[in-house]
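Letters A, B, C and D name the chains as they come in the text, with residue numbers starting at 1 for each one.
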Amino acid sequence: MSKQIEQKEQLIQALIAGDYPDSQGRYGPFGGRYVPETLVGAFTRLEQGVSRWLDDTKFRAELNAELRHWVGRPTPLSPAPRLGERWGAEVWLKREDLAHTGAHKINNAIGQALLARRLGVQRVVAETGAGQHGVASAAACARVGLPCEVYMGEIDMTRQAPNVDRMKRLGARVVPVTSGDRTLRAAIDESMREWVSNPTDTYYLLGSAVGGHPYPYLVRELQSVIGREAHQQIIDQAGGLPDVAVACVGGGSNAIGLFHPFIADRSVKLLGMEAGGHGSGLGEHSATLVHGRPGVLHGTYSMLLHDDDGQIQETHSISAGLDYPGVGPEHALLAATGRATYLAVDDNAALDALNECCEYEGLLVALETAHAFAGAREYAMKNPGKRILIGVSGRGDKDLNTLLEHSS
Amino acid sequence: MSGATRITAAIAAANKQGRPALIPFITAGHPDMNGFAEHVAILAEAGDVVEIGVPFTDPLADGVTIQRSSERALKAGVSLSWILDTLEQSAAQRTAPVLLMSYLNPLLTMGYETLAGRCVDAGVAGFIVPDLPFEESAPLRAAIEPRGLALVQLVSPVTSGERMKKLCEASAGFVYAVTVTGVTGGGGKADQAAILAYLDRVREVSPLPVCAGFGIREAAQVNAIGTHADGVIVGSALVEVLEQDGDARAFLQSLGGKLHE
Amino acid sequence: MSKQIEQKEQLIQALIAGDYPDSQGRYGPFGGRYVPETLVGAFTRLEQGVSRWLDDTKFRAELNAELRHWVGRPTPLSPAPRLGERWGAEVWLKREDLAHTGAHKINNAIGQALLARRLGVQRVVAETGAGQHGVASAAACARVGLPCEVYMGEIDMTRQAPNVDRMKRLGARVVPVTSGDRTLRAAIDESMREWVSNPTDTYYLLGSAVGGHPYPYLVRELQSVIGREAHQQIIDQAGGLPDVAVACVGGGSNAIGLFHPFIADRSVKLLGMEAGGHGSGLGEHSATLVHGRPGVLHGTYSMLLHDDDGQIQETHSISAGLDYPGVGPEHALLAATGRATYLAVDDNAALDALNECCEYEGLLVALETAHAFAGAREYAMKNPGKRILIGVSGRGDKDLNTLLEHSS
Amino acid sequence: MSGATRITAAIAAANKQGRPALIPFITAGHPDMNGFAEHVAILAEAGDVVEIGVPFTDPLADGVTIQRSSERALKAGVSLSWILDTLEQSAAQRTAPVLLMSYLNPLLTMGYETLAGRCVDAGVAGFIVPDLPFEESAPLRAAIEPRGLALVQLVSPVTSGERMKKLCEASAGFVYAVTVTGVTGGGGKADQAAILAYLDRVREVSPLPVCAGFGIREAAQVNAIGTHADGVIVGSALVEVLEQDGDARAFLQSLGGKLHE
């Protein structure tokens, strides 16, 4: 074994052993906590809150009751016989689209909202890209009785208009972000600024497996319910593990939630699909792990789309939820070790996959999710006869405007 | 003299004149790249220490003014590399020490070793890195400290007592006391008495001069804060003057700039 | 006991004994099959298909698998502590909004689509009001691989625009109905005309518990899964039966689905909420059981909103799904016997209830469903300390346009 | 003579003249209420049996023409009650028997007993109720049959052989053979040979005359069908003529109306 392969194998072993994040919030070389001094106390309190409550029996019971009775967990694992026939594969769909508010985001939002209540904060702020995390946060805050403010880029407010309405209905204040790239990245910038201005009484409810430690850990723990359920369900329903588990990767929360419980099952290939946009050039995609290099953004050291001067690149994806230049540090480690593979599919492939899933399974998935379907299909074409598990991160109702624009 | 020492000395010199040190901040290359060298010269003349902002796409500790200036500078083509080149050309003539205020990613991307070397050549005395907490700073310090470059630590009104002591002891050049919990440019009405008490607390534990920054815009503030801090940092207010094509020199003098004997 | 009360009691006993529908498709005096001769054969085939397949072990297994793994059943029963506190009641929500496509309609649609496939038809036609049944039918047909055509009133197409998009995405052909009242009633008229024109190769997938026999029976059987689950869940979670079960009533499918398994539990009050619109005058509401008289429409003898000449009245409701002048015959019997009570709530009360549920439970329900919440609240105010089970028939994403119009 | 017998006799009389009976249909009060009595007179003169459509809000067995005429009639204020009043005034002069074509609900709402009594007074001979299958017809028949009123049964191309026999035997006046699987007004191209074979089948089992309806619009159709049926019903085509202010009498004569010796 070459030195490099040996090193990778050690990292994988450490991953499986649950060594990450370490006490510095690191996943191998990635992760950490790069935040303004004003927020250091808030992050410390959050970290303490996470270790105090996340494994607390009562908190767990409270969270599990909400997941079960309000969110609607376990979400089903659907066989997809008609897609399977077309693809020459055995296809299984883990249905986060059926979770309350229509995406996996609620698993994280309700968990953090319950935590926020325990921490005794006065209010919650959240950023959102596709609006799904904003809707989930608004709903979760209403459920636990905390005021909620959601920062959303102007561009995203246009392309995901129905979700803006939903957040408002659910009692959240939606703050348009007109600075920066006016999408998810700028919304996170602005949420952080808001948090910096109110570090003690405000809880920042981050929506993906990114940000400074302990966010990537907290989000992964809250989203792993996806993979845990799927692991059990596919054994029960299909009689064994899948050959591959596929998920779309924006910040990486649904993907890490699906992947994490399968990491120790070395026979299960993990396949993350990034947004290939409309090209591989600068600003044409948001395929961070495919095209990026390490760097620091939003508090974490991970793979990043930035130029030679360390300036963050503009990104493009037809799906607002994937339109982000960073990615969670655990994915960076999974990619570096080869335990997971990350590929990009472009806007058109995602659109095609979305339509195919509508037509053959009666399931309108989110544009984000459609990237996973496109990736699964590509995999199936090259590897006939495999058992494929797809993470259906959300439903596509929110995308109808965008779809209409692209259907002519 | 090391960069750190030069900074501390410049502040001490101001204090010896019976006034807080004035540390003006500008975003490099804003409002236009051509004026950068001249602006640095003006700041070095009127200020005791000069703080140069390296524009970044995601300035998440900054208010609207510095966001706007950063965006415009980036659009014009400003880069860390260009800033260092430009500073290097005038390094010899400049007496006031220069600090770079930069988010971590541009520094990281240049590579710490390259960065440190080029900073020495450019007469840069040290760094302020708003998204680099002490706990993550070892790799950067390992590269810059051997070359005498300072990594200025920030403290904030919500920094705990114990931590404040640690940060003050770990700092170099001076301690940057953020006066508000918020972004640059201020805006929120801060309780003046609380700020002064906070500055006293920082000074009590700091072996280094303590300079106050964030939201300082006028002479009255400088005077009030000046008796509780060893220096004041003026950023957004100065950036706005430049943006409106105002007289930076006159503005800085109105704040009680360096006395030229 | 007076003669009348005795008669009612006998009908209730017969209801409990499962005597309805009888061999003529009657529920006491209501029901039957009033259809054109051209459709008699189709109805007979349907009836035979229903008795052949509905209790067939293999068909049941197939249906149950789809309900569980594709639709996402059982749907959860959510405690609603914050609403409960406001109302001075113990509130439980049966969450059909979490079923695939977002309403109870899918229970019926997938069941009938599977039946249609067994019957070997070439295509499916369906009507829709709110669009939920249309979306459910489109999805179910895609799932089983049958072409689907959905008739929808022009007015409903405007007020439920997102659902039109969804149907099209799911591969259905949406046919605008410009005749009659251009809402649900006209859509049923038109679907029947289409069926009359193709009685042998077309399956008519009716969306509510109305129509000629065996539709009210078939739809009730397919929707009763709601009440069966809720019955078990409320005993498990609350430790006993509810004092009252509340559902909104358009054609009556979600209500009969919730009520039916509770009919034998005489202590459980059954409360159906109709659309009071903006007044009790002709054409101002669609509260059939509250304001109607018996008559025949769309193949069944039931309560009906019609004038002294037997002409069907125009109706009004803010919710497209309740905007219908008829109601299922079993509800007519439940009302006549007093086993269930039916009340009307007006548009504004429904809007208020919708907002309250958003704000206090983080749940955006359908405008139809909001009528049930308004009714439950009214009941709670008059009867403190009760255990209330509310049938959440669907989610409100489809209603955002309408809500926006009414929020100023 | 009972209504049923009158109908059968009128058809027999036409057949005796070597032609199929002509049964014209109009929607009552369409295109305008004032013309109704006159239209009935024209139809009774040119046709052997007259079919009067009672407009209904939800004519689900009808095509666009009759839907439109029903809607306009209702808007104008036509009701079953008004129709019976109007028919009653001219009952004495009218020789051709009149049939009411009505969906069930208007009949039901009037009450079957009232309905039957008033129909006798109005000279109505019977009913065609497109949404009342034989199985549900007992209550209506119980009220009308004792008064000699006919309930005409419909059969369709998809009616099974066994059922067709039952319906033909249960019918009164004649048997209404719907020629297409579809709504009134036709439109779809029907296979002529199949229609004729179907009519032959109906005739084989029917003790009553068999009249064909749905989609019959022109003389050629009447001629073709006339040799396989005892009568033809012409609805939508006539309604369209009236709608366009055409000459109903001339149109009916073009179809081979009653010969007036």
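Going forward, a residue touches a chain if its C-beta (ideal position, glycine included) is under 8 Å from a C-beta of that chain, and two chains touch if they have at least 3 such contacts.
Treat the numbers as computed from the prediction; the structure is a model and nothing was measured.
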- Task: Could you put a whole-Å number on the gap between the CA centroids of chain B and chain D?
- Result: 97
- Item | Gap in Å, rounded to a whole number, between the CA centres of chain B and chain A | 37
- Query: Rounded to the nearest whole Å, what is the centre-to-centre distance of chain B and chain C, using the mean of the C-alpha atoms as each centre?
  - Reply: 68
- Task: Two or more other chains in contact with one residue: find those residues in chain C.
- Result: none
- Query: By residue number and range, which residues of chain B touch two or more other chains?
  - Reply: none
- Message: Is the chain-to-chain touch network here best called a line, a ring, a star, complete, or other?
- Response: line
- Query: When you check every pair of chains, which ones turn out to touch?
  - Reply: A-B, A-C, C-D
- Item | chain B-touching residues of chain A, taken from the complex the two chains share | 24, 32-38, 40-42, 179-180, 185-186, 188-189, 192-193, 196-200, 295-299, 304, 306, 308-312
- Listed in rising order, chain B residues that touch chain A in their complex are 56-64, 67, 71, 74, 79-81, 103-110, 130-133, 135-136, 153-156, 158-160, 163, 167, 178, 181-183, 188
- Item | Touch list for chain C against partner chain A, complex | 68-72, 75-79, 82, 95, 98-100, 102, 138-143, 145, 162, 165-166, 169-171, 237, 355, 358-364, 396-397, 400, 403-404
